[in-house]
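Here chain A shows up in two complexes: once beside chain B, once beside chain C.
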Partner chain A sequence: MAQITFIDLNKDSITLEADSGSLMELAVQNNIEGIDGDCGGVCSCATCHVHVAESDMAKVGEASEIEQDMLELDDNANEFSRLCCQIQVSEDLDGVTLTVAGE
Partner chain B sequence: MSEQTCIIIGASHAGVNLAFSLRREKYQGRIKLFDADPTLPYHRPPLSKAYLTADDPIEKNALKSIEAYEKEDIEVNLGRSVASIDEKNKLIKLANGQTEQYTDLVIATGARPFIPPISGLNSAQHLYPLRTAADVTKIKQAFSQSTKKRVVVIGGGYIGLETAASLKMMGATVTVLEREERILARVTAPEMSEFFQQLHSSHGVDVLTGKNVESISTQDCLNTVRCADGDEFEADIIIVGVGIRVNTELAATAGAEIENGIKVDESAKTSLPNIYAIGDCAYHYNPHYGRFIRLESVQNAVDQAKVAAAAIVGKETKYDTLPWFWSDQYDVKLQIVGLSQGYDNIVRREEADDKNKFSVWYFKGDGLLSVDAVNNAKAYVIGTKFIKGRNIVNKTKLADSSIELKPANLLP
Partner chain C sequence: MGKSEIPDPFKHKRETTGLGHFNDQNDPVTMVLGLKDVRKCAHNWKTFQSGGEEVGRIVVPSEVAIRETRQIPFEVDPPEHKGYRDLLDPWFKRPLEPAYQEKIKAIIIGVIDEVIAKDSVEVVEEFSLKLQSRALTVLLNIPYEESEVWINWGKHVFRSEESDLDGEKAAILYDYIDTQLDKAAVNPGEDLYSVLLNSEVHGKKMSKEEAKGVMILTFAGGRDTIINAVTNSIAYFAEHPESLERLRNEPEITNNAVEELIRYFSPLTHMGRVATEDTQVCEHALEANSRISLCWASANRDERVFETPNEVVLDRKVNPHVAFGFGTHNCMGATHARQIMNILIGCLTEKVSSMSILSQEDNIEDWQEFQRKVGYDSLHVKFIGK
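The block that comes next holds the complex of A and B.
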């Protein structure tokens, strides 16, 4: 079980619990505003873009090459950017905070 | 409490997204979704891919959880088909005779698989299209019960090829029969067809072109698929993926204007008052290409849902999204932006750092229409930027893999 906190587009902080699946699935099933996951989690649409809290980067890990490429021209992308369909829930992620990136 | 009611016919990507978009637009009225499919609405693209190959329940692919519908006060009526629309009295009639009143009606009825008139097809054993979760359940069942697992896929389009790849990975012997001289003939350049032909060959799938299936004969659960050229293929399971028919009947009977789908304006309104159409069934104008089109894609379903939701709450809105698509086969990711129809020249670009990546850029004259990017998300996003910006690309530089793929490097 991991507790994950999302800060949505309205700056509301929502803490959720999960055992498995991706962080995108967790966000979509809980209506986190700004996480759409239109492609169903295959890294094709970039509608699940989050910024990982700097202090959590070591836990979450850096974006893979395809994530970086998908975000290459996104003005909101930075070194903390991830597409959260590519992050699988695990105990190690307990306590991390993700901020939904704006459009 | 507002007395408004929005009824949505069809609870797939378009219909479900419309319901949630309406709430995001602060719509206060009742929202009622209807669909003949009894399954909690699910993502369709995984049906031919991860959902077919993995043992996950369909709930893992749900578009939204039951709780999400409850939280947003969206009524979901599953396993309920709509029989007709009475646009004068603003109500719909369900198959069981019950009626439901609407203020606004959204038709998101999508499409159904086209089953070609092949002799003997109706008596074939284990013959399935692939569009619904129920179709996949049947395919999986037939597959697990079959000892020889010989599969013939009729149709070398994306559905057929994705299904072929998935079944092959599951251990089937797969033959794809394509009527045209190359696979994906309607949607890609010969270079892409060639690539996918070889990809499937290298995985041991026989992809045969110029094969027009004429008849199927079935004895003791074994099908024999016969082509016009006399070739015959034995099949324990047959997958039919030869395109779709648009579900326009409800809209047509109500009197809506129909062309290649239900004709809508830029805010997804049909020719009938307070009736909208979105998703696969909507024949709409695309400003990037200056023509009316109909698209079968998640992107189109989701984005038209947003536009229709905005229109229903009275906002000025306009559908102008650049179309995009994807297909995953084996470990290859294809991403497509734009529509290549009408192209007259292409540039094929390889990447110096990775031989598994390439991209095909479709032009009409100097105008970039579309990009097919294979394992190359960067080409996909840069192509998107250029098409949106109507940039003129330096084709010589684009074709030169020693020049790094970056927008600044490719403009004249």
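The block that comes next holds the complex of A and C.
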């Protein structure tokens, strides 16, 4: 079981628990404002963009090349950007904080 | 070639110059073929615009000669684009609601029940067109019976047997939308026409011309594309019964399968843009006011990104396709289309044991340098129920 905190578009902090699936699925199931996951998690739509807290970057890991190519064209992307459909829930992620990337 | 195969005619050009050239009614189009180049151009709406003065010019073949109404938000760029898109997005996200999905499911079960009883079904007219038309009543929130009118228009709203662009046929749609908007103005209801006419955008009431632009886009953008996606799916599952069987046993991969089929089919081959300045693509100089097209179909077979791009891998996990476009102008109807495909697969696994192709005529688009199969002019299939 991992505890994951999302900070949504309204700056509200929501902490959720999960033990499987992707972080996008977790966010969509819990109606996190700003995470749409239109493509269902195949890295095609970039509607699940989050900024990982700097101190959590090592836990979450870097984006793959395909994911980086998607993020490169997102105006809100920075060095902490990830598409959270590409992050699988695991115990290693316990305590991670993700901020939904704004418009 | 397999009966349901959709070949990739762009490979050689994509791997060499990265570009194709299509002379469209003496207004040439430079076709951009690689995935990264397509995405970059789609992202760069300032240099490659959709909202230029000449309405219809970003469509390929160009509709400049047959249309005066600007399609909205498709032919509007930021910042005006955002006002329209913010207004329309919630309506076009309704397919995420369970009640909406139930209605689509009832429609799809209805068309499947109709075809299972027959010895031979012409899928384009008797299955896909009916399914698409009836599902559109749900998107517009109007009575189911209205779909009969659209089914009677036949397969093509802009195309006739003789020509890819037929102004007289297009006028049937434009006149129809005018009439529906006039009716909604007098008797407003809960339908999309009324919602548009009663909405405010950019601080003032939406005009009838603006509402017409939204409705033309909704009808035109969601017709051939959905018909092709549905027909091609039937052909694919008829030729690959093991795939239907796999989805019966592993329904959890349905979302991956939908995205993969849409990548493989790429129901819209390409869409144009107009350069606002002298620029270049793939080291090829482009003059201001010249046209490019973003070739979604080619980009979706880019071997630099997709492993085994010409195979349908039902559970493909990373699938950064651009079948619904990319960036500012990505497909507004994608949520509706994805639900239709998702529910179609579920209903086929539930109700159909197998399908067999009896005969077919492929619909091959002629882009001069490239001949691309996009779907079927006709597809005769026998459906066997469970």
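In this section, the second predicted complex is superposed on the first by the 103 of 103 C-alpha atoms of A that agree within 3 Å, B and C clash if a C-alpha of one lies under 4 Å from a C-alpha of the other, contacts with A are read in each partner's own complex, and residues count from 1 in each chain.
Simple rule for what comes next: contacts are C-beta pairs under 8 Å (C-beta built on N, C-alpha and C of every residue); 3 or more make two chains touch, one makes a residue touch a chain.
Source: prediction; values computed, not measured.
Aligning the shared chain A places chain B and chain C in steric conflict. With both structures placed on the common chain, the touch criterion links A:Gly21 to chain B but leaves chain C unconnected. A count of residues in chain A touched by chain B and by chain C gives the higher number to B. When both complexes are overlaid on chain A, the residue A:Asn30 reaches chain B alone and has no touch with chain C. By the document's definition of touching, of the two partners only chain C reaches A:Ser64; chain B does not. Applying the stated contact rule after C-alpha superposition, one finds that A:Leu73 touches each of chain B and chain C.
Legend: residue contacts after superposition of the two complexes on their common chain; A:Ser44 is shown touching both chain B and chain C.
Where the contact sets of chain A with chain B and with chain C meet, they give residues 38-40, 42-45, 66, 69-70, 73.
Remark: chain A residues 21, 25, 28-31, 33, 36, 38-40, 42-45, 66, 69-70, 72-73 touch chain B in the complex.
Within the complex formed with chain A, the residues of chain C that make contact are 36, 39-40, 43, 255-256, 258-259, 305, 316-322, 324, 326-327, 330, 334-335, 338. If you check the complex, the residues on chain B that touch chain A are 20, 24, 43, 45-46, 49, 60-62, 64-65, 67-68, 71-72, 298-299, 302, 324, 326, 328, 333, 335, 376-378, 380-382, 384-385, 407. Considering their complex, residues 38-45, 64, 66, 69-70, 73, 86 of chain A touch chain C.
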